[in-house]
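Below you'll find a set of structures to go through.
After this come two complexes, each holding chain A, first together with chain B and then together with chain C.
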Partner chain A sequence: MNIDFEINIYHEDYHNAGSASSEIKKYLTQLGLNPKFIRKIVISSYEAEMNIVIHSLGGKLKLDIIGNHIILTSIDKGPGIRDIKMALTEGFSTASKKVREMGFGAGMGLPNMKKNSDKFEIKSSPKGTIVRLSWVIE
Partner chain B sequence: MMKVRRLIEDPAFELVTGRDLDREIKDFYSGDLLSWVMSHAKENNAWCTVLTHVNIVAVSALLNLSCIIICEDAEIELATIEKAKKENVNVVKTSLNTVEVIQKMISYG
Partner chain C sequence: MKHLVDIHVDRCIGCTRCMRVCPTEAIRIKNEKALLIKERCIFCGNCILNCHKSAYKVYSDSFANLNKHKVNVVILPSAIYGMTKNMKELGGIYQILYDYGFDEVFDLSGVVELLSQKITEYIKQSDKTYILSQCPTVIRLIQLKYPSLLSNLLPFDFPYEIGAKIARKKLSQKYQIKEEDIGISYISECLSNFIAIKEGLGKKKSNVDYVFLFNDLFRNSIDSDQINTSVAKNGIQFSKAGGFEYLSNKNEVLSVDGVKELDEILERIYLNRLDNVKLVEAYSCIGGCVGGNFTIENTFVAKWKVNQFHQTIDESIEYVNQFRHVLNSRDWMFTSEVEALSPYKLSENINQSIVKMNQINQILKQLPNIDCCACGSPSCRALAEDVVNHEKTLDDCYILKRGDET
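On to the complex of A and B.
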């Protein structure tokens, strides 16, 4: 099997936020994968999606299935993460007060992606951030 | 197990929107931090929160929760109600706080 799709995500588009993850969930459900396994991917994609909405200038989520691997890639247009080590610390967040009032900014997004994936890679520069998550299909 | 319908028969709860009232509630979850809810709430939970922003609908739909219970008379944004209708997410409101909701559920037995 070899599928891939991409979904664009826009800065501060709270109204549609979550719809990319919803597409991903629908797709994985159609494939008949184990719901517990799907849950891990959906938790991760939601966090990645929200990070693009909240912290970036916009970007996209990409889902690839290659052989028995599922690969979720989040790519955005910047401004990047200044200190990745800090960003990976549970509870660390630069979210504004306004965003926190909406229930975001727990500082658990990147840690949750790491926890829920088999492999977690992150690269960032002022030009953009790439988070690549992968799973071996259970 | 109880259904969402049973909840709104109680005058303490009011249905804001929802068509799927025969959905079973399997345990309650309470939280106002979306990352926590996302990683801890389980399918068919009823979710007690004071968040009312449109993003609670996406979280509920992604986790396949049975309903959102907006506590303490928190004012619900119109966009949230519209999105919940569109996504077929049940939303209930109450003046009770989370602890009071749970106490009430225990009293139902």
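On to the complex of A and C.
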């Protein structure tokens, strides 16, 4: 049994930021998964969503359920992460002062995604970044 | 089990107003009448407030019940302080209640002041963000939408439950009668407390025997200087949102009121995005309990009155202390577990749920996705779910039908 759905996310759309993750939360709740397990996925998807809003030129979030795996993919249109290793360091952020004043850009996005997922993969070029997170259904 | 809220079918015109303001998709319109899905209801009362046809009825208790008891005590809801700005006006309230046939009036402000001290102590034990447990709708919303936050919820019972236990003990001594000879009533300021008492949220059975509705008993306030009353100066602050924040370390307490804002704050805690907050003082009604859906005073005037009253009274440690050692500390807490609820689950089996989810997504592609609600479901997605669950059909969609005709 497979399931797939995707939501477009726009650059600097702070007004709707978080709604894709809310949608994902609703989906997973309807499937009847364990609440603590859902929370890990939703926290990760929120971070991914905010990364697209803050740092990218726009992109989308994709949720797939394949067999007993849940896969969340974040795909954006660039401009890419210059130094992935640095971006994975807790507290490292390239977010502007304005973004930080809104309470975002604390440099915990990618580290949180990595911490909350079973498998974390990232690829980045100036054309875009793809983050693929997966979980085995508990 | 029957819901304690029902629809006057002769009054309801199926207008969808209540359905559109329901925060948990707990209402549908079927055959031009509102239909409540009890499992999804968080008792917020938005439906009742937004009904312009007075089609909602709430099953409160009958005064005839009072005849069963030797002594009847009524517990005053905190919201009462939104009607009284001085002792004279509070005296008038007592007079009204004696006239209804109650022998004793139990003021909660002393209990609440002690409760706030207990909470201040309790939240020191760990670094997590605690959520105030005084509003049953807050608890329901967590049970339904944020079950992983149940461990953040304070374990303290509702003030009127603690008050009921204290009143029963004290009055059985005073009148030298058995505890069951005392009838305990509460005048509920909101739907939330009403249902929590009737269904025993956080316990097997409520300590309160009967519930009446605030706006059924009080139409207006009267003055009386015939009656001596006492209140706890700080306790009355908790009748309004921000009371806890006002009296405690402001850096640690975040106060939120209103269902939508409450939902947003819970989501922030859920996403670990609310740092340095030790306690979230949360109320479903705007303004807190003085803004309860059965109160009669304007919420903001009510908040102002609480502050007026607060200024006119002196602090009385003596008054508060008489409630201090009546119960052991366990009696101040919920006695049964507040459990996670899952009324949105599509099926008990995950594979079956996935099949349904795919069907829902397929149907949703055919729908206009403008969430007009005319079909009697709160969104196009909700209609798709209802179709898959055989509650509705695609024919219920007016927009699709219009397309067929042209």
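Just so we're on the same page, the second predicted complex is superposed on the first by the 138 of 138 C-alpha atoms of A that agree within 3 Å, B and C clash if a C-alpha of one lies under 4 Å from a C-alpha of the other, contacts with A are read in each partner's own complex, and residues count from 1 in each chain.
Just so it is clear, a residue touches a chain if its C-beta (ideal position, glycine included) is under 8 Å from a C-beta of that chain, and two chains touch if they have at least 3 such contacts.
None of the values given here were measured: they were computed from a predicted structure.
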*Partner chain(s) touched by A:K85 [first = chain B, second = chain C, both, neither]*: neither
*Is A:F5 touching the first partner chain B, the second partner chain C, both, or neither of them?*
second
_Which superposed partner A:I65 touches (first chain B, second chain C, both, neither)_ = second
*In the overlay, answer first, second, both or neither for which of chain B and chain C A:K97 touches.*
neither
*Regarding the shared-chain residue A:S22, is it in contact with chain B (first), chain C (second), both, or neither?*
both
*Which holds for A:G32: it touches chain B only (first), chain C only (second), both, or neither?*
second
*Name the contact category of A:Y46: first (chain B only), second (chain C only), both, or neither.*
both
*Name the residues of chain A shared by its contacts with chain B and its contacts with chain C.*
18, 21-22, 35, 42-43, 46, 103
*Enumerate the contact residues on chain C facing chain A in the complex.*
145, 147-148, 267, 270-273, 340, 342, 344-348, 350-351, 353-355, 357-358, 361
_Touching residues of chain A toward chain C in the complex: what are they?_
1-3, 5, 18, 21-22, 26-27, 29-33, 35-36, 38-39, 42-43, 46, 65, 103, 137
*Which of the residues in chain B come into contact with chain A in the complex?*
32-39, 43, 49, 51, 53-59, 61-62, 79, 83
*Which bits of chain A are touching chain B when the two form their complex?*
14-15, 17-19, 21-22, 25, 35, 42-43, 46-47, 50, 101-104, 106-109, 112, 115-116
